[in-house]
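One structure, pasted below without further comment.
Note that the chains take the letters A, B, C and D in the order they are written out, and that residue 1 is the start of every chain.
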Amino acid sequence: MTLGPLEEELAKARAAYRNRGRWGEADVLGTLNFIDDAIRAHAAGLVRRGRSFSLAQGFDGLGDRTSTRWDGLGRGHDNKYAWHGGSRAVTDGDSVTGIEHLRDAFTGRGVLLDVGRAVGDARGELPDGYPISEEHLRDAVEAQGATSSVRRGDIVLVRTGQLGRVRRLGAWEGYASGDAPGLSFATLGWLHRTEIAAVATDTWGLEVRPSGFAEPAAEPLHRIAVPHLGLPLGELWDLEALAEDCAADGVYEFLLVAAPLPGTGAVGTPVNPIAVK
Amino acid sequence: MTLGPLEEELAKARAAYRNRGRWGEADVLGTLNFIDDAIRAHAAGLVRRGRSFSLAQGFDGLGDRTSTRWDGLGRGHDNKYAWHGGSRAVTDGDSVTGIEHLRDAFTGRGVLLDVGRAVGDARGELPDGYPISEEHLRDAVEAQGATSSVRRGDIVLVRTGQLGRVRRLGAWEGYASGDAPGLSFATLGWLHRTEIAAVATDTWGLEVRPSGFAEPAAEPLHRIAVPHLGLPLGELWDLEALAEDCAADGVYEFLLVAAPLPGTGAVGTPVNPIAVK
Amino acid sequence: MTLGPLEEELAKARAAYRNRGRWGEADVLGTLNFIDDAIRAHAAGLVRRGRSFSLAQGFDGLGDRTSTRWDGLGRGHDNKYAWHGGSRAVTDGDSVTGIEHLRDAFTGRGVLLDVGRAVGDARGELPDGYPISEEHLRDAVEAQGATSSVRRGDIVLVRTGQLGRVRRLGAWEGYASGDAPGLSFATLGWLHRTEIAAVATDTWGLEVRPSGFAEPAAEPLHRIAVPHLGLPLGELWDLEALAEDCAADGVYEFLLVAAPLPGTGAVGTPVNPIAVK
Amino acid sequence: MTLGPLEEELAKARAAYRNRGRWGEADVLGTLNFIDDAIRAHAAGLVRRGRSFSLAQGFDGLGDRTSTRWDGLGRGHDNKYAWHGGSRAVTDGDSVTGIEHLRDAFTGRGVLLDVGRAVGDARGELPDGYPISEEHLRDAVEAQGATSSVRRGDIVLVRTGQLGRVRRLGAWEGYASGDAPGLSFATLGWLHRTEIAAVATDTWGLEVRPSGFAEPAAEPLHRIAVPHLGLPLGELWDLEALAEDCAADGVYEFLLVAAPLPGTGAVGTPVNPIAVK
């Protein structure tokens, strides 16, 4: 998987993976439009044992830069592009596509793709800087079996194992600001084609760092995924206990309710996601 | 329903409605112990249409004193009593029974008791200061029919209609600090006897204000419900759309996932509760 | 001091104490307009010893309903009136007079009026429900001496002693929701006539609770002070250490820097106020 | 300025720039110990015109990963080292050196070192990845003149101009997560030797990114500055208006009051810093 020059790849991706306009000019839901009542009813039917998993890391409120979160459709800019038109500053809030519009939207079928276990080391961990490719995602689906087939409207959880390693070693330096395994820019085609509703992971930035481009590139996957695909991105989720349970019972699908705090105009928000199996 | 002298009523209630010690000295879950996997699995089975309702009011972050919330087991003091022993200040946080222990606990069967519609005015609203009695709760169950029978482990949502009235009139003065309809102190027996897991409502304080005692009484129901029953209390929930839907289809039970942000040591926390029918 | 019927008193106060329009239709500063560079320079000159006092109570982030705070010009509604026109909901944020406009405005001369010590009990505390009148404020000035004369543009800190009592007794029930000593509705004339820039206190609501009106009255002083006077109100400040120091050295004036977090559109905000003597 | 192998440089810095133990084992203030009453009184005397500058960027509350902030003494780990002993997770809070201990400590003399104007381009901006060296800091002092000499106990504000550029271009991608100009690891000697109390800047991470080491290095300056020097670090400050004013009147020193919200156990906290000239 080789990436060409940054601006060239961005231009190709903008053209190829564009959902803007797909649901009308005034749309505020993006790919969450793929979830409907039938999908939610089906997802509730996946609950068998009644076990509830919180996928949130601890919050210390004012404490640090980060928390388990959703990035909404105002987070991830591409120069003059944003999901709902107009460029705006990270720190300005989002008066059009603020996270409050998504308050009831993140209820559906969750699927865990444990890439760390499928292609990582014996502990199920990927090293920092490891780029997850489309093939790796398919490898995980295949290794995990039928319950992890990815369908339209799914909320896909990609486990890299970084959080597990950091916790095991107590090596928190850089966990919220440094290099990390994550989705390669080259997975944008898969993210677009599968028509998933959202994707989340256990690292601070979701995409691989460094980015794999020869040039400095600030969050290139965000730049396409959010303003052009309209795909909400979840970060800093704690998938460790859920992944262990899925490995034990071989079931990688579940009801997921990941309701964001509806901060008016917020471009992202803390969340305590709940998976029920 | 006449209340005797405050200290006398408090003393009786402390003796009669005590759950402290029931689940061991080190317990951090309180009445959430009543929810088990079987209850959660059953609750997921209540989902038919797949419709998702957010029960959160808007959040403006730093904006005001209030938000849709859970009070945890460190909120609601009774002089020297707290659920987990020791008295502590409201502003100190809770190093023993902090809300982080409840991160996956609020998943179960939700039941709406629309007291506003059952015993209120033509708009389904109770006036400020209206004390909801045990009989009113039973009236609501009876009026609503079989789907609203209250069982052990339920999360009960009591609608007063105050939020609907305030929103209709734009009369927000006092909504977060003034008189309100709510549960009378005399409902503590019902809250204890039914073995419900939690209770939430659409006002800022859950209990009726003024309290109905002749003496000044600061949150007398909180003083018993939290430290002695171990009952988490939800406030400022938006039950309007859900109540309308329940009135329309006659189904008052649903899957409820109301996962609090797990702020370490927090005595309460914002929440975006999701009901799925 | 006898208060007439609520609506009558409100009508009189609206007419008598109106600053709206005084600084133009587009004003977002209210009485903070009274502070100018000369006042700030003078205030810095009040620093002698170089001792710094934090007037904030502890914050536990997600922990509770409350924190040391400023209410901005969008907090405190009077039916259809707000400082900047239009009625709006408490929970909606404030797109016109949001607290971000006040980010550098709370720097000036602070004056402590220790009413608890001047007219309270031997411990310097007022009982809950004690209405502070204009005369009490003047009594405090007189008792304290020359450094506490109140001037145009001052930020006035009124100590009731309630926080000291609550802390001393560990009696936190009701501190953030119950009866409290505080400014009587009848002090609105003084608040208006003195042309102070802001007023803050050590209780959760600033004004006395109950309000002293025969009818139920939700925050009647807020209803006039914020939308009609344009006066920012501070609540839950910790004045104990500062008050002790002032009592010891007899100096009740100081530089006050009480910079609110500039939450975009927030109607109120946490603050860590710093007094320097 | 060439940096040797990472572990070697870290080992040298740990030995050379260690303040731990300097103020006793139980110290919670770190280099803030350098500020005393005399310094604060002197700083208040620097106020001439009475102009107040807020150095905070806008806050949208729940909105994003970032805000104008202080990192306290629990932020910045070095494997098993922390300022107050013991290693701990970023997300766990800090029960020993939590930010609440610093609530009144950030009041003193502020000095702006406008490195962007001193050694940057015609707009006074440094490019991303530009490492600020000790010499650049001295260049700025020399260019600015007598009011910017750095003394023990100062709070030093280093302007890179990155925020100005990002705002000018609307190019917010990466501002809170990508490459940035900033302090080189090699400035640790200067930070230690000058005995300043704290340092803050207009980028998201304070130190230069990439770090200048051949190996991947997560926040190497943080790893020494916080746990070994005990130096609080400020990030995402808005220095633009202040810098313009300093350039205009040639005065680069001022009273700085930058009081952090005292979140109990927080390892960092939002702040609205106020400079008064």
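Note that contacts are C-beta pairs under 8 Å (C-beta built on N, C-alpha and C of every residue); 3 or more make two chains touch, one makes a residue touch a chain.
All values reported here derive from a predicted model rather than from experimental measurement.
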Since chain B and chain C are copies that touch, just let me know if over half of their interface numbering is common to both, same, or not, different. same
Which chain pair shares more contacting C-beta pairs: C-D, or A-C? C-D
Chain C and chain D, separation of their C-alpha mean positions in angstrom: 33
So the centre of each chain is just the mean of its C-alpha atoms; given that, what is the distance between chain A and chain C in Å? 45
Spell out, as numbers or ranges, the residues of chain B touching 2 or more other chains. 58-63, 92-93, 261, 263-266, 270
Name the shape of the chain contact graph, picking from line, ring, star, complete and other. complete
Per the contact definition, I'd like the list of chain D residues that touch chain A in the complex. 57-67, 69, 75-80, 87-94, 99, 128-129, 167, 170-179, 205, 216, 218-219, 222-223, 261, 263, 265-270
Using the touch definition up top, name the residues of chain D that touch chain B in the complex. 59-63, 92-93, 264-265
In the complex with chain C, residue positions of chain D that touch it: 36-45, 47-54, 56, 58-61, 100, 103-105, 107, 255, 257, 259-264, 266, 270-274, 276
